[in-house]
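Once you've had a glance at the structure underneath, I'll fire off some questions.
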């Protein structure tokens, strides 16, 4: 199928998210879209999929102009999409999610669950996905959820498949599998639009690369272009892809975790007798596929999740049963993994969010009274310092782009003296330009003597920041390794291999990305 | 097809058109199938009889009493009737401020008599006593039942009289007819908790019926209608006695199950109070409706006329005479005190 | 994320310079909102007029011979509506006394509305203002008539008792929610019933009954415990307290650390917890203060307008307060304005029934329809096409049940 | 060792020896409450009078079919059993799976002991207890089901009370004017739909906050039915407000089952419709295409949209069908049971239905159980007022409401609404 977008324009209020974008997707082509956060990639794809209506411009399929006013139309035209934010109903089973919208029914609209079951089994066999049709989506790891999303898109026999940041939550091995599936689809003549922030992936699979910036097509590149070239095309300036950091000067242990066990709400063991130690002036990265207990580990450190066993101590003081507020006051800074959910209050202004955990302390709060002038002054300083791109400190944070929202959270946490910084996924979904800045700020904090614990699923990020790496699998720490451990080896440990097994396997079976 | 225009109504009565007879309801409203509604009927009757102008104000809440009272004063009312004890304070205040206007208040009395306020009280315990006696006599199961809306004296006075009447019957006839739903000695019994929920009233009555009661005496305004419905649904096994008005008139659909009603003659009392002002005969003496003056009475038996034996009818007459003469005294504390 | 999805679409991403409608003089946001609200009231009056016409006796008669003299029907209709609305207007704002009456009616509505608003801003749906008001009234009333104290002191104590009563009844809801997760909607509905039955019971006890009376009515509170009145009107100092309460709520929400916490919890409980706030404590504090505000409304009922305690002391204020808060979009100023509007409608409605025998239920319909239209500016705009577009439809209050 | 990560759930159930803190808190809370009730039950048993407690097993028949039990021994037995259950719960003496049953055992024991105490030396109409429970619960069930349908689709429905009122009103008027019960039910359902349409249009099309809307619609319904009552029904009650009430229809066979037969299967059409509604709503929600879509738009409308489901249309249909149920629930108050209409006659039942639906965790069966629980408590207090127990009547009147608070705080705990409940779906 030959797909042509011409002059697509979309604005939200005064913001032009897409400004006359032209794009051609050839049959059987893997077309990569690159661009900073908020460049307009998802907006463009959402218009193609009928979720958003363009203000102007047209979509032409096989030479014919078509109107796509709803996802229904898009599906009808053979377009499938895997969305950046999962479009799965968490309380439904995998089978229910997959049948939703095109249910097979018996007489009277009664669901034919058998057929749905068979379909899931068939597709997951065909593509080598092992997915249990009866599992509730909210109970399966994100990696598997991603597969469900892909199965959903595939069941429609899409001729054009849009994948919007599908790899953000996958392990290197899973990414490899996905790349294999994409190749298989391409060989069958399916065209694919692939959006990602990971330049390695782009180089591995793209037939064509289009870069979008501030709502416009700002250039295109060949897969042969170097990562640095691509990054520069995206950000508009040269970008340091490696963080320049001095070797760590670790001091005394600051955080000590012993036998920490967390049981989640459903009665499952999320963190299983974990021992960890983080020293002043070092960055310990906790690596692992999402859902292996890192989230709960970080939350337990902050007292957001009650612990079932074990101790947490900071500078020798036992914090295991302190409240979150006491831990923050004791000098822990926290950047939560899901910023929109836990990191800020979307309807609050930038200024208010910059004091979300400081508002009680002088100078912002004196007694019962809130000093709004001080809050504003603080906002001006932080916005300047962290280069937060906003049109005003009084605007709601929800109106900022993802990267800038993340800067707000980090700016807040770094604006007070810390002993320990816990940062989960500090740069998830953030573009390379912002990543560069955020990383350097974290290293700066380390060099100031703060103990830093990073939780990340991104091997790039781990490679860039970590002094030591702890790999978690099924709630346990399977090993603590130096930061220069090869990525394939880390990837295998994230899948449960011990360090020794990983070493052997990685040399025998290198992955695509590991070798680029 | 449309009719023709009626001729202008030729000044009907007209005699006292500028005499405004006014009434303020309590928060139950004029459609409460109870005392507001009956009192209003009295107002309408007086207006018709004397050719007056009526003004009425319903109160949605307690806050509205003083407002409505003031508005009535300003409207130039000659007499203002307030309905219910909750209006006492507002009435007294307005009366003292406006000695030229006459007032009457239903079911209440100022603590100290006020020259231009006529209290209208009703000793419905007397006729309820008769009703209790009648019910006891008519009961085949030997159990009669009663329930109220909320436990307040205007409600419990009926229940008291009813229970005492049953007891009197037992003593006279050496029977043991039981009253379910009210223990007048302990002043505790069965209440629905409001005056609105008809379904609840019906269920409550049903519970009495299950316990064996075959005559129901609901004292719960519209919710009490549910009790009549329960009787009706029993297909003749259970009958009822209504309160305030003659149920065969105010709730005609239930006439077939109504042995009689305990009438509280608010309509007549209100009408009299108004006409006394028109005729310049107003006095502030307390009116207490009794069996003697007809201010409370048993309604006709209507469809049960043939079922109530002549003997029983005679006994009821005798009861009346005995109560009037003081031979029978009624204990209920809810009876209006003569001031 | 999901917490904000309802509000987000209305927030333009970059309103550095206020977004203006092309070709239209930029009216400030509040003016636009005012215009829309005014139009909503006009629309509601039209609906009310239809009901008046349908229910009017003269019109009913005239319609009987519509064919013979159609103009009669029209003129009868016009007269009916005209007279009713004239009475409504006069009763609401036609002179000093009517205005005082409107303000008196508005007083408890404002406090009750604030109680609902404050809880809303904390993400709680307080259907329990009614019960909180009742308990407040019970305590304030009891202190007012059973104790005999010198001026000022007596009033202060009675008011404090009312605040405490309301706070207990509200705080209980917050406590249960914080400790056990019990849904506040269920608990407040149930506690409303408990409160009214409690009051009915207390009124049968000798501690509450007026001496010499068997009726369930308490004595009127001592003069020392009454809010001083303004001149001959029924308007009393409680009204000023209501305004003070509104200012207090504004300060609490916008200028205090507690309010910061409450708002944060209301807007995103997860992020608040992550930032070290105690969500449970916020619920308790919010419900305590909300309860106290409703209790204040209770004091205004028993200490302000010469009302003794009866089982009708709360009327439907606690429920009307919800509508008032919603109409006021959960802000203190909005709540005051909405309270005033409802107070005026109540006062005017009484006058309307008096002069034209229009049932009070019409006022109820009017109030509902006004709120309905104010809440749906898009609908109003589709009728009055000249209205400028509003920037955002204002704060969306309580979101879903998940808070 | 292969490259693929294992697909099954990452988490393993915690070993039984370790209890999650959340579970622990819940166990202590529920357990504490159970112990308190067990002790109250035992205390009542100790103070139970001598003689027999008689339970009447056939409604309306005081002579036959009585079950007499020695009050105190039975009460003591039940009290002790209840205490055992409570203690077993607190001490985790049964596998987690069966722990819930301990609460049920305790509940039954407590009520049994309580009844023995209350009915010692008296007769307690047991059959009537269940009959009354059903009567009180029927409109609540219909209302709560209406709420379930709406809210599963993502539209909060506080307006049940308003839908009740208009349903009750039209049913009364139509039954009076046409004399046809069927017509009355249809009319009630239709006006329920009309109110629901207001809810739907204003929430789905005009994006009005649904909590606001619900409250306002209740006020509106109360105003409009009140106004029409004042202006029309009041004046011409004979023709407009004397509906015939549905009569009970005994189901052959089922109606003859001892004890439960007369209670469950000698009822009006409306009650049968209610049973049917529970079954149908449960089935439709969880087993049909439409139900799947309704739940999808209530949980994650955007996900539904991306697979081609017309979110708004599904929401409209769910809200309107809910209107049918709520309208029928309203009809119960007039033609279904009590006859003529009077102002505000639904007396807050719509709000109780709302509470039932939340307490029932937005599940049709749960909502029904909650409604029955409330009906049971209400009926029990009414019956206890008649047989005269030492409990003051005033306290009894509050009891159903207090019981609900205790149940919600103690047993139900945190509930989770459909994720998108109350959130309008906006596309750009």
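Brief remarks follow.
A, B, C and D are the chain letters, set down in written order, and residue numbers restart from 1 in every chain.
One rule holds for everything that comes next: contacts are C-beta pairs under 8 Å (C-beta built on N, C-alpha and C of every residue); 3 or more make two chains touch, one makes a residue touch a chain.
Going by UniProt, the chains are A = ABC transporter related protein; C, D = Inner-membrane translocator.
Everything quoted here is computed from the prediction, not taken from an experiment.
Any chain touching chain A that also touches chain B appears here: C, D. Ranking B-D and A-D by contacting C-beta pairs places A-D first. Chain B and chain C (Inner-membrane translocator), compared by their mean Cα positions, are separated by 36 Å. The mean-CA centres of chain A and chain D (Inner-membrane translocator) are about 44 angstrom from one another, to the nearest whole unit. Distance between chain centres (mean CA atoms), chain C (Inner-membrane translocator) to chain D (Inner-membrane translocator): 30 Å.
Multi-chain contact residues of chain D (Inner-membrane translocator) (touching two or more other chains): 229-230, 392, 394, 397, 419, 428. Residues of chain B found to touch two or more other chains are 151, 193. Counting partners per residue, chain A has 12 as the residues that reach two or more other chains. Chains touching one another, given as pairs, are A-C, A-D, B-C, B-D, C-D. Of all the residues in chain A, the ones that touch chain D (Inner-membrane translocator) in their complex are 12, 49, 51-53, 70-72, 75, 81, 83, 86-92, 96-97, 99-103, 105, 108-111, 128-132, 135, 139-141, 143-144, 147, 152, 171, 173-174, 176-177, 261, 263-270, 289, 291-293, 306-309, 474-475, 492, 495-497, 501, 505, 509, 511.
Taken together, the chain B residues at the contact with chain C (Inner-membrane translocator) in this complex read 1-6, 26-27, 55-58, 60-64, 66-68, 71-72, 75, 85-86, 88-90, 93, 108, 111, 150-154, 193, 333-334.
If you check the complex, the residues on chain D (Inner-membrane translocator) that touch chain C (Inner-membrane translocator) are 29, 151, 156, 202, 205-209, 211-213, 215-217, 219-220, 222-224, 226-232, 348, 351-352, 354-355, 358-359, 392, 394-395, 397-398, 401-402, 404-405, 408-410, 412-417, 419-424, 426, 428. Looking at the complex, you find that chain A touches chain C (Inner-membrane translocator) at residues 12-15, 85, 302, 304, 323-325, 327-329, 334, 336, 338, 340-348, 352, 356-357, 359-360, 365, 368-370, 372, 391-392, 395-396, 398-399.
Against chain D (Inner-membrane translocator), in their complex, chain B makes its touches with residues 29, 31, 33, 145, 151, 180-181, 183, 188-194, 196-204, 206-212, 222, 225-226, 229, 232-233, 251-253.
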